[in-house]
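Should a chain be cited, it is by its letter among A, B and C, assigned in written order, with residues numbered from 1 in that chain.
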């Protein structure tokens, strides 16, 4: 094995981890504020991918329009899901929300199959996105470079939002203590909707990147990234944004190294490895890397 | 300033307040005394809009305007000038001290938030010292000061204080009660919920006693402090923090 | 114990079911019997899931994983020996030569599933509610990957065809009765009440000395046993298997049955399972005729969401229909927490 090969693998891990981080950070943000494992988060990604498909390949708009569209559509969709499915049962036991999100996920997947057919469609980004460049001796496509750069930008922006803006701090305050937040005059449902909107926008964006990477889209495509975002969020400590980003990159690296360093016959065990890792981490570090010891909020 | 009239409040299947009447006049400190579970906290939650009564009225009148509290959302009640410093302090543990204070001013759009922050620093020097640290790492007494300062950041006309002495060391309790008098001195009206009846009656102008969701006694604080029934119920038998 | 009204009700129920099965086996078409068979299998699965999820307050999505274990173990055991060498070349000699009948294979499948549950449950059950749900989902994916890769013994993703059709309605409803009886007795035993205690309040249960780790593991494994049995019956009803059949969609279907029936209500879960099976069978021709693939799942998902929004405790809560219950103190023990009781907003 050469240093160049290892570098190439690390770069692959960085790219994969970036997408995971985008999805995981939104997932974790939503968990942090409503203690909801939102199973439908991956399906927002799917809708993002299909929106990008429509804008880019059906209507032929330029890429920037697709980016704007996936951000907006992801945000609106996630807020809508919250408003219809989760908001009416805020005071119900935690597990009800989880089951509901499972229902929303199945609903969206099958609406996708019903309306758009379950057949995979090719998703080809403009040619220049797919050209290879030489980066530090490794090969990266423009899309991969953009993926890494966009993720970094988005995460910086998000950090500024939750640390430096009034609404961002209010969101964190609501996550900490909804009762006290209401006494401050924070409208809790608005803060929660903001978290859903942000998480949805990021998932939509991740959908565009994921589809570009995979080269095809289908209504069930959100399942795997959704689950992996959960794993990434758990590794980092669910509810912690820094943790989710860290978890996303760790998972990306671990997955790529697992496939890249073991004999090819193990490649098909990739997903088993990811979930084995999840169970291991839950057992050894139930609060993840950055999670605070969680008070049980049943 | 605040008039509660015939409030009937339920929590789940049980009625916690029965036909409650209470009045707070501008500039007063009014103490609401009672044992655990008497309905003190429910009264405050009703005023801040977090509990909705089944019957009665709650009106806030200031500067010739009347606000029907029962028809206002909690954030509008804060905007109207009521701040609620909840039981158990409830600071945002994972936010910095400065961020906690900033959240107290969440609804304010005026340009004087920064100067108010400085003022809180003068009133509670420890908060200025710890401004960048996490609120969860403050001591209990410091968290209480933060909770009060956070409530003051909304520039309330009426401050609802729920059990500020709870779980604090005696010197700290003295300091907190000094602060309450200072706050009143700055023109803020205070409705103080306490189990520590002795301390509360020292600084209050008037007081109400709640038992099982009903007002059973009320009057001037000085007179109530002499009242044999109150003596028996709170001062004689039950020392601070050990309500029946 | 004297004969009470509830004994009569049970006896009557048994007679009705036996008569129905006898009629169905005699006069219904193959398709109708298959649908009825699936209804029975789903009912058994829902009962066992309701038992382990509802009574322990744990939320597991792992039932399809255990069905998968049972189905493959059972199918390998009953598969015609003369075709094993060709279809499943990687089987060891002692497995390649056997050709069991259904009942021992069912037991073996159930036990294998229970063993997997006990091994996986030992670490996994320490997780709390939703973590457990996703970890058990992970179990499905792990087992699917294993079966896909062990294609010499399972035919992997290609699927295993030609499993003998041993399952009939007698077997299915016999096992359904067994599952209902065992789960019912346990639910209403002192062990069952301690499980309910865990559900209502972990801390209090621990203080009362309920051995919660063991009780949880036992409930989880028992649920898995019946899931394994269900898997074996399924395999020998359908006569073919692919790992893909035991996925998230199936986990979801079972969850819907439990939620609609009422978490913790065994009879409720069984009734919901039967109703949902018939509903999806009724919708399937419409789905095919209109080319509206996904319609069945959409209807079920909407049902679930509506149920959770409008009646989150399900049709029966965690109680059982009153005519089947012995009139005794403590029969109300399973009162579910009403929304809002756990958490102040």
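Throughout what follows, a contact is a pair of C-beta atoms (placed from the backbone, for glycine too) under 8 Å apart; a residue touches a chain by one contact, two chains touch by 3 or more.
Each chain and its UniProt protein: A, C = Branched-chain amino acid ABC transporter permease; B = ABC transporter ATP-binding protein.
A quick note: this is a predicted structure, and the numbers were derived from the prediction, not measured.
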(request) Go through the assembly and pull out the chains touching chain B as well as chain C. (result) A
(request) Pick the chain whose C-alpha centre of mass, unweighted, sits closest to the average of all protein C-alpha coordinates shown. (result) A
(request) Determine which two chains are connected by the greatest number of contacting C-beta pairs. (result) A-C
(request) Find the geometric centre of each of chain B and chain C from their Cα atoms only, then give the gap between the two centres in Å, rounded to an integer. (result) 54
(message) Just the number, please: Cα centre separation of chain A and chain C in whole Å.
(response) 32
(message) Between chain A and chain B, what distance separates the C-alpha centroids? Give it in angstrom.
(response) 43
(request) Could you tell me which residues belong to chain A and also touch two or more other chains? (result) 179
(message) Using the touch definition from the top, which residues of chain B touch two or more other chains?
(response) none
(request) Enumerate the residues of chain C that touch no fewer than two other chains. (result) 340
(message) Give the list of chain B residues in touch with chain A in this complex.
(response) 48, 50, 73-75, 78-79, 83-84, 86, 90-95, 99-100, 102-104, 106-107, 150, 154
(message) Which stretch or stretches of chain C touch chain A in the complex?
(response) 59, 123-124, 126-131, 133-135, 137-139, 141-142, 145-146, 148-149, 248-249, 252, 255-256, 259, 292-295, 297-298, 300-302, 304-305, 308-309, 312, 337, 339-340, 342-345
(request) Going by the contact rule at the top, pick out the chain A residues touching chain B in the complex. (result) 166, 169-170, 172-173, 176-177, 179-187, 292
(request) Write out the stretch or stretches of chain A touching chain C in their complex. (result) 37, 85, 88-96, 98-100, 102-104, 106-107, 109-114, 117-118, 178-179, 188, 223, 227, 230, 234, 268-269, 271-272, 274-276, 278-279, 282-283, 286, 296-298
